[in-house]
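Okay, here's the structure, questions in a sec.
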Amino acid sequence: MKQNRLLNIILMIYVLCIFAFIFAPILFSLVFSFNSQRFPTIPLGNFTTEWYAKIFADPDVWLAARNSLIVSVSTALLATFLGFCTAYSDFRYNFRFKGPYLALILLPPTIPLIIMALAMLAWLSRLGLSGQLWSIILAHSVLTAPFAMAIIRLRLNQMDPDLEAAAWNLGSSEWQAMRHIIIPFCAPAIVSGLCLTAAVSFDEFAISWFVSGLNKTVPVIILEIVQGNIDPQVNAIGTFVFLTSMTLVILAQVFFISRQVKSHS
Amino acid sequence: MKRKFDLYAMTWRLPIIFWQALFFVGPLLFMIAISFFVVKNYRMTEAFEFVNWQKMLTRNYFWDSYGYTIFIAGISTIVAMVLAFPASFALAFRASDNLRRWAIFLLIIPFFTSYLVRTFSWYVILAESGVVNAMLGYVGLGPFKMLNTHFGTVVGYLTLTLPLVVILQTVTMANVDKTLIEAARNLGCKPLATIWRVVLPLSKTGLIVAALFCFILSFGDFVAPFYLGGSQEPTLPILILDTTKSGQQWPRAAVVAIMMMATLFTIAFAAIALAYRKGGAR
Amino acid sequence: MTEPLVTFRNVKKHFGDFVAVREMDLDIHTGEFLAIMGSSGCGKTTTLRMLAGLEAPTSGEIRIGGDLMNDVKPHERDTPLVWQSLALFPFLSARENVEFGLKMRGVDKDERKRRALEWLDRMEIGEFADRNITTLSGGQKQRVALARSLVMEPQMLLLDEPLSALDANLVIRMQAVLTRLQKELGITFVYVTHSQSEAFAMADRVVIMSQGEIAQVGSPKDIYRSPANRFVAEFVGRNNILGGTVISQSSETVSVSTTSGDFTAVAPADQRTTGSDLTFSVSADLVSVSIDQPDALNKVQCNVISEEFIGSVVTLFLESADGHEFKVQMQERDLIELDLRSGSQIWLSWLPENAHVLDGD
């Protein structure tokens, strides 16, 4: 018994070590963003907000932030719409080639980003759509739609399958039932989907870098700074990106999980 | 059976087909097409020639890079699986449900933090005068060269893959029927033997899927080998990057990309066949 | 006889290779309480869903009020359904649920609200009008579901096992509510159930279905006293079924030789053929019991196997010498007088006119 306790303690310490490894870069980035040393090490330098001041003064960063905002919001709307359509089709209908149909939407995240980036660049150039913010949005919608689809599909699983038919039975056409029953029921998942797809799009750098041309988003700016030199500005920007993404993810969780608990009670 | 066009059904079914055909299948097929195009005077022209394939596949540097990418991604996958296993085991069998849920929630966070920023953070931490060497210096060790080595690349890959591997391993093992483990222990199976003979076979499918995802992510990542590995030995993604960004040689980059896809498909099929092989999991 | 409200003519419904309903002919009359009863998979719910337009018949015709309904969409019909799962809209309040159908029909806001509240009051749940539906009890939800359908003032209400989720006490209460409503409103109720007690307690007519076909249509009393065939006799459950060969006949009766003995039964003329096979049933409550051998035409000696009490009615399960199972229903006080214990030998007897001859298979 005693041996078992000891083993448990060792295992839990090991778990903590793994978590330390995973979270070390995130925490250090946060710490370094307030550290005066250009090349941070131990012992730490003085507390400073110099790097934040620098990025706030940089018009390129502001422009990139604006671009990122446009891209992630548009991507979220587009991807969640596509995800919703697919989730509903999967929920409601059985049809031939449904397997390939679902594969079509679920496959993109498993393809290495660098390959997607190259393929997108070549294809969008060919269509004359590259080098614009729109190019990033098109590519990101393909990449993130599966996330929205998965969340909305899970929500539809919780729906009493008779609910939609009950609406028809009470005089709603299929379109009215969609508007008055399906969409309100899925609303929390739709909001979660919007948040998650926005978060994924907000962090994506490979495709954005390839297809964006001169319209840089925040991750592309980070990539370019990192390529140049050691510059703790990256940590300051990174902290902002982190806070934005986490807000979106936590919002997604709140909407999805709280509703799940509610619908089970 | 009469077949009418159902406007309502098609309104929901068709958008994704249209969209993915245009912006997912289209790009991938076009990439195959351009691998046969030729570049003249820095301009790509439509053609059907095997010159790019021939140029790439007969070069040693391509095959060196190919071998190195598989090697380093493979090593990184093994390291990730082995490092993650005791932690996942602890979370699956020794932690309360609540603790496990929290752990998994925490492990999701890294997916939504910038991978670039995390890599940059490692760059600073692992540098010759960075945090790790400074700490080792206090106990009279080092400094060690960690950047621009295999070690650096693997650390970068692990940053990307370890959270996912721990999540997948934990979820898989947490779903193993606990009574089977108790039964094995009851029949006198030693703890390590129980892991080897009961836990591993029962969670085989999930573990293989975890390893597969880990490999796919490492195989396709250019950030870790570029910034932490120093890119002296370029991996295939770096090859694509260089060929596309500097030389405008999209057709040759496409050849590399297609080779990567073919490799990943082969490995994925093999892994899935292995995972669902009869007489395994049950 | 007035025109029936609903007619099924030669209706078939297939799902792939599975035949849910075959060759159905049925009339449903205005103002009647019709129960469709059968075990699961017999086609009763499919029949109801075809009435609501949720399934289209594979072939045949369904008419409501004389109009052919085969291809009429669900929302273009006036056939509100009370669902087994209730299918209340979880994100709406009780009142909003009741208003839903009116809203879809374009009734204006004030009128909707007035009518919804009126029906909620009528169902005695007016005080919960603005409560979220998920916070109501099973019985309250049931009433909301009824109000939601009835507020549409339909000519016909469809009910699909609406009481199956309620506990026994509530079932009895809701049965009374449903019967009263149907009488007050004078509209047609089509009630699908697997529960014999629900069907017999409420319905004017009962349709018994088996494997996609109608086995018998009739009043509860008809079905109970004169089951049309062996399936119905067994399904109703309170019948003793005996089969054998006709050995002699008289002007009204036949003598049948069975493995349990020879019995006399009143039989219709076409069944009185010596040498032919014949099956008859005797209702469990029409069998008399005695310790001593009775002076009766039909009698058989049995061992008592077990007894089952439901209220003051007791069912005795017995077995004759040849292993045939018999059931007898009696009042509990009559049983006490007999002073039986398990394994006791007693005599059963019944009158020839209480033996009901079943149609051949």
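Note that the chains take the letters A, B and C in the order they are written out, and that residue 1 is the start of every chain.
FYI, a residue touches a chain if its C-beta (ideal position, glycine included) is under 8 Å from a C-beta of that chain, and two chains touch if they have at least 3 such contacts.
Keep in mind that what you see is a predicted model, and the values were worked out from it rather than measured.
Looking at mean CA positions, which chain is nearest the middle of everything shown?
A
Could you work out which chain's C-alpha centre is the most distant one from the centre of subunit C?
So the chain farthest away from subunit C turns out to be B.
Given the two chain pairs A-B and A-C, which is bridged by the higher number of C-beta pairs in contact?
A-B
Distance between subunit B and subunit C based on Cα centroids, please, to the nearest Å.
Here subunit B and subunit C have centroids separated by 61 Å.
From the C-alpha centre of subunit A to that of subunit B, how far is it in Å?
Subunit A and subunit B have C-alpha centres separated by 18 Å.
Would you kindly tell me how far, in whole Å, the mean C-alpha position of subunit C lies from that of subunit A?
56
For subunit A, which residues are shared contacts with two or more other chains?
174 - these are the residues of subunit A that touch more than one other chain.
Among the residues of subunit B, which ones contact at least 2 other chains?
Subunit B, residues with two or more chain partners: not present.
Of all residues in subunit C, which are in touch with two or more distinct other chains?
none
In the complex, go through subunit A and note every residue touching subunit C.
So the residues of subunit A in touch with subunit C come to 160, 162-163, 165-174, 176, 180-181, 184-185, 187, 262-263, 265.
Can you name the residues of subunit B that touch subunit A in the complex?
Spelled out, the residues of subunit B in touch with subunit A are 8-9, 11-13, 15-17, 19-20, 23-28, 30-31, 34, 83-84, 86-87, 89-91, 94, 103, 105-110, 112-125, 127, 129-131, 134-135, 158-159, 162-163, 166, 216, 219-222, 227, 237, 240-241, 244, 250, 253-254, 257, 260-261, 264.
In the complex, go through subunit C and note every residue touching subunit A.
Interface residues on subunit C, with respect to subunit A: 52-54, 73-75, 79-81, 83-85, 87-91, 100-101, 103-105, 134, 148-149, 152.
Touching residues of subunit A toward subunit B in the complex: what are they?
8, 11-12, 14-15, 18-19, 21-26, 28-29, 32, 39-43, 81-82, 85-86, 88-89, 92-93, 95, 101, 104-105, 107-108, 110-116, 118-124, 126, 138-139, 141-142, 145, 174-175, 199-200, 203, 205-206, 210, 219, 222-223, 226, 230, 234-235, 237-238, 241-242, 245-246, 248-249, 253
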